[in-house]
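Listed below are the structures to be examined.
Okay, so subunit A shows up in both of these, paired with subunit B first and subunit C after.
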Partner chain A sequence: MSESLVTTRSLGKRFGNKSVLHDISLSVAPGSVVGIIGKNGAGKTTLLEILLGFSPASNGRAELFGEDSFALSSASKTRIGFVPQQDELINLLTGRQQLALIAALRGRWNAPLIERLQEIWEVPLDRLIQSLSGGERQKLSTLAALGHDPDLLVLDEPVASLDPIARRRFLQEMIALTQERTRTVLFSTHIVSDLERIADQIWILRGGTIAWAGPLDVLQESVVRLNITARQPLPRELPLSGCLSQQVAGVRASAVVSNWNAQLQGQLQEQFAAEIQVEPLGLEDIFVEFHT
Partner chain B sequence: MKGIARTVLLLLCWSSFTRWLLGIGLALTGIAVVGSLAARPHHGIFGILAPLGVITTVIAPVLWSGTILRALSAPRALQLIPRGRLKLLLGAVIAQLLVAMFIGGVVTAMAALTASSGFQASLFVDAFALLTVQCLGSFIAARVRAGGLVWLMSWALWAQLLTAAFKYWHLRELLVSITGMSATVGITALLWLLFAVRYLRTGLIRLPHWELIGAGLNARADATPPRAVTPADIRFTRAQALSTVLSGIPRERRAKILRGLTAGLAVAVIAAGFNALKGHWNSGSLLIVALCLFAGPAAGSWAGVMTQGAKAMWLHAGLSRAEVFAQLEVRSWRVLLAAFALCAFLAACWFAVGGARAPAVAWSPAVLVTPLASGALFLYAQLQFVRGRRFMDLLLFGIAMALWAVEFVTVLGQGAPARIASLMGAQVLLVALLRPLARRRWGRIDWLVHKGRRQF
Partner chain C sequence: MGQESDLRLFILQPSSGVPIYLQLIQQVRRMVASGLLTPGTELPSVREVATLYTVNPTTISKAYSLLENEGLLQRNRGKPMTIAAGRRVAVSLSQRLRQIESQVDALVLAARQLELQATELCQFIAKKMGEDS
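Let's look at the complex of A and B:
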């Protein structure tokens, strides 16, 4: 079994009395593409910034490449590329100067890769950064994060400012980049369709804790809507484990559960003497159900 | 009326920090006036507190009201409010009037307590005129460099108004005369009128170009296509890259700022020389000492600018928190030592030549060390700001400011060398306390709290 690139154990973060993250234990295997999804304020940025060592954890531990995130060595940092939610570009430089600046700091630079991506993404490198649009800045920020060929790429809402065409191109290139060599990607978003395109692992953050974490296909198989039709009136509240929502009206009920499997179906049919129809949900519906 | 009052309030104190400044300044001024009343006919320590209070109260509106006015005027939604711009304009005029009345009132009160002099109308008139120039200058400077020049020149006029020490090229006699006052009132009214016509008729007012304020590019640069980037533009050494990321200012811009500062220094030295040639050695000495006194805090405050770019050092430059602190400290000290060396050299040359002929200035070798002590205190006070905006950090910075202000008044007021030495001793002691504190804070810095530079 391959060693985890990112590991968290009972990770928690508080700002004063406000708990932003609590009890997060996760791991990421090399080569994974992990999508972190959650509402605004769910703690996505906080989690990513703790993982990258920008912020100390209040509880628990976060590790990157087997090192404590808060005290990452220089060697480990050269293996990380990060695109923050709010870019940290210098307005008074041109895009080209900004990239040269990062190259000087990083010490190594994959110029052919950046040239290729710059052409595909149509990033105007010779204009002052202050005159770039939000989407152009985001693409430039991503180029700056990719230039040193990182093993781990962390993107905090990378496509938020991009139009649909640019988003598609961007994601296609991301897929290609992860496939051409073992590169692990960790990205947060609230655009669920993007997750379906590139992520193989999903973490759903809700209220500062992980509501669900695992492979995308398992998520889609586990979270389903059950349409129950019984012969006798059903109780007002169905005792379903892993139930995200339910509506009961006489002999009919509709419920969304997060731990569906064939065994559970047999148990329910026996318990309620009911006919159960299983309806698969789209990722967007799953996300909404987790936050209802 | 409500809109106008709200504008006035925003121009006087638009953030929690400026509200603190206003509150502290008013409190200090109140203590100074009441204390002077009790201690008359002498001011004692209250004579120092009063200018400190006035400066603390008015510094934010004096520096920023024009820029804030532009920021308030820019949203297009303002055009949906009936007479929205007119309200903002009236608010701006009233805010400047209030500040001028405050300055005139406090100075008059303090003077009346000892010298029984009457209301100094000229001070109010001239203060309003200068505030007008500064407000309108900074309004324009927020988009166009020429406005910055007007804004900078108005500071020279403040110096002329507040002190008669610089005998040569001096305008004070003219400014306080009836003719001068009438001309000043006329010019001020005309300036507001011209501004009002332009301001009310302009279709679109652009947001301040925050990074251009003071020493900025010409705003028209936006409209012209950027020049091609040559290989020379993009070659950075690691040290140059660190400097650029920390300051957020490209090296060409830093060179421009440095050239501007050098030119300013040259003007000051030439002015001192002219005063000396005319036999006013005291004026020249005062100018040189004032330069030394200002150089320390100005150089030390550069640390504050660099803390804003420090976050990038963690991942991009691969530095540990301790190394980030070391980089900041070393680079801040380099700036401070350069400023110190320049000031010490100038002061030593000046006093070697003309010190004996300027008996009115309490010359002491301690003055040479002033920029170093006050600059170091400002440096470490700035390095404390890594936990968001905390009252204790503001208080520390306030203490550094207060010590410097007292030192400034003591040196220029020919205070005893022992007093100057004790003030510097206090600064050095505070530096010794603040350095380990700053180091510890940077060792645990949370960049989710200290987010650093925000792009506008």
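Let's look at the complex of A and C:
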């Protein structure tokens, strides 16, 4: 199971003269839950669309299941489940009719799973889709993407219109669905606190490129705030490598660095003859720091 | 064991900035060091913890594996993991202190901001711990 499910090499995308993505090299191991965060317009949706083969790359390469994403075999296409940001449900059908239609198109359908999720998520199946709320549509759209038991589930802003209770139930089921580590999940979101619960890999997308990609634990351990108290006044600007932001006032300083480790702590303590207190940062703070 | 009450053994705070696996490791270490968890005590399964706290199971199994490597936990075929035997409370004071160092650092910072004296803070802590005379 060491094959990489998704691989990109120096991937770039331009629309006319505008570069939307550039130099993106990533890989996803099977069984991962990857959370993609980025501001509006950072390129999240474009990246997902290229990975899924909806749109060709302008430079570099994207591969899915070892095949070129833009020339996927139909066998590989059936291994994907996708929940787009704007759902593609048919307004004049009921939820039940919509699911039956997709089940017929797919040929393979895990009815017990869908029934169970429909109950837990309280999706009203007998109403016309046009009368459903945003959250209900989103849940229905997720059921539609899960029924054929895809190996790769891709969700673009899956929880945006869910209330906190529905989000929690949604996340719990996502955890159950990935429990066996046979299914890989990629999802983009603005709601960073959800990622802290369920993602094991994080990609931070900034201005069309990857500002950080790796395990969530490593991100949290390497991006920290240092509260520095020295015996003598500190230089106006601390020569810190990997520094994302810093404020210095006399003998005190506060800095956020992106490459923290115990060795660096020892070095800095000596260098500045200072006491250094390390403050962990939540993912939301980390995300903000990458954008200051 | 394996009851609901035992599952709430841990306090996992996803947004605290401390990786969840580390929170779990630190808490198990502390509870073993303090004797709250004794050898043979069963821990809730990875699945139970992941579901109850809504966190990725990989995180929990990483913590359990690291604790197993440390010799603190014992993996049992087809059964819950247990606190390893033979590793009685032999943890030295300095080691135990190191385990709460980061919390103490945060406390010291806050105390300085509030201009509290060390003796005042110590008295307060002793009172909280029910050790004031």
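Methods note: the second predicted complex is superposed on the first by the 289 of 292 C-alpha atoms of A that agree within 3 Å, B and C clash if a C-alpha of one lies under 4 Å from a C-alpha of the other, contacts with A are read in each partner's own complex, and residues count from 1 in each chain.
The definition used in the following text is that a contact is a pair of C-beta atoms (placed from the backbone, for glycine too) under 8 Å apart; a residue touches a chain by one contact, two chains touch by 3 or more.
All figures in this text were calculated on a predicted structure; none of them were measured in a lab.
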Fit or clash - subunit C, subunit B, common subunit A = fit
Counting only touches as set out at the top, which of subunit B and subunit C does A:Q277 meet: first, second, both, neither?
-> second
If you stack the two complexes on chain A, which partner ends up touching A:S131: first (subunit B), second (subunit C), both, or neither?
-> first
Where the C-alpha centre of subunit A sits as vertex, the angle toward subunit B and subunit C in the overlay (nearest 10 degrees) | 150
Look at A:L101 in the shared chain and tell me whether it touches subunit B only, subunit C only, both, or neither; answer first, second, both or neither.
-> first
Who wins on subunit A residues touched, subunit B or subunit C?
-> B
Quick one: classify A:D217 as touching subunit B (first), subunit C (second), both or neither.
-> second
Min C-alpha distance subunit B to subunit C after superposition on A, in Å, is 28
Mind listing the subunit C positions that touch subunit A in their complex?
-> 14-22, 47, 50-51, 53-59, 62, 102, 105-106, 108-109
Complex contacts: residues of subunit B adjacent to subunit A | 211, 217, 221-222, 226, 228-229, 233-238, 240-242, 244-245, 248-250, 253, 311-312, 314-320, 444, 446-449, 452-456
Sort out for me which residues of subunit A touch subunit C in the complex.
-> 33, 168, 171-172, 175-176, 178-179, 181, 193, 196-200, 216-217, 220-221, 224, 227, 277-285
Could you pull out which subunit A residues touch subunit B in their complex?
-> 15, 45-46, 49, 52-56, 71, 74, 77-78, 80, 82, 86-94, 96-97, 99-107, 125-128, 130-131
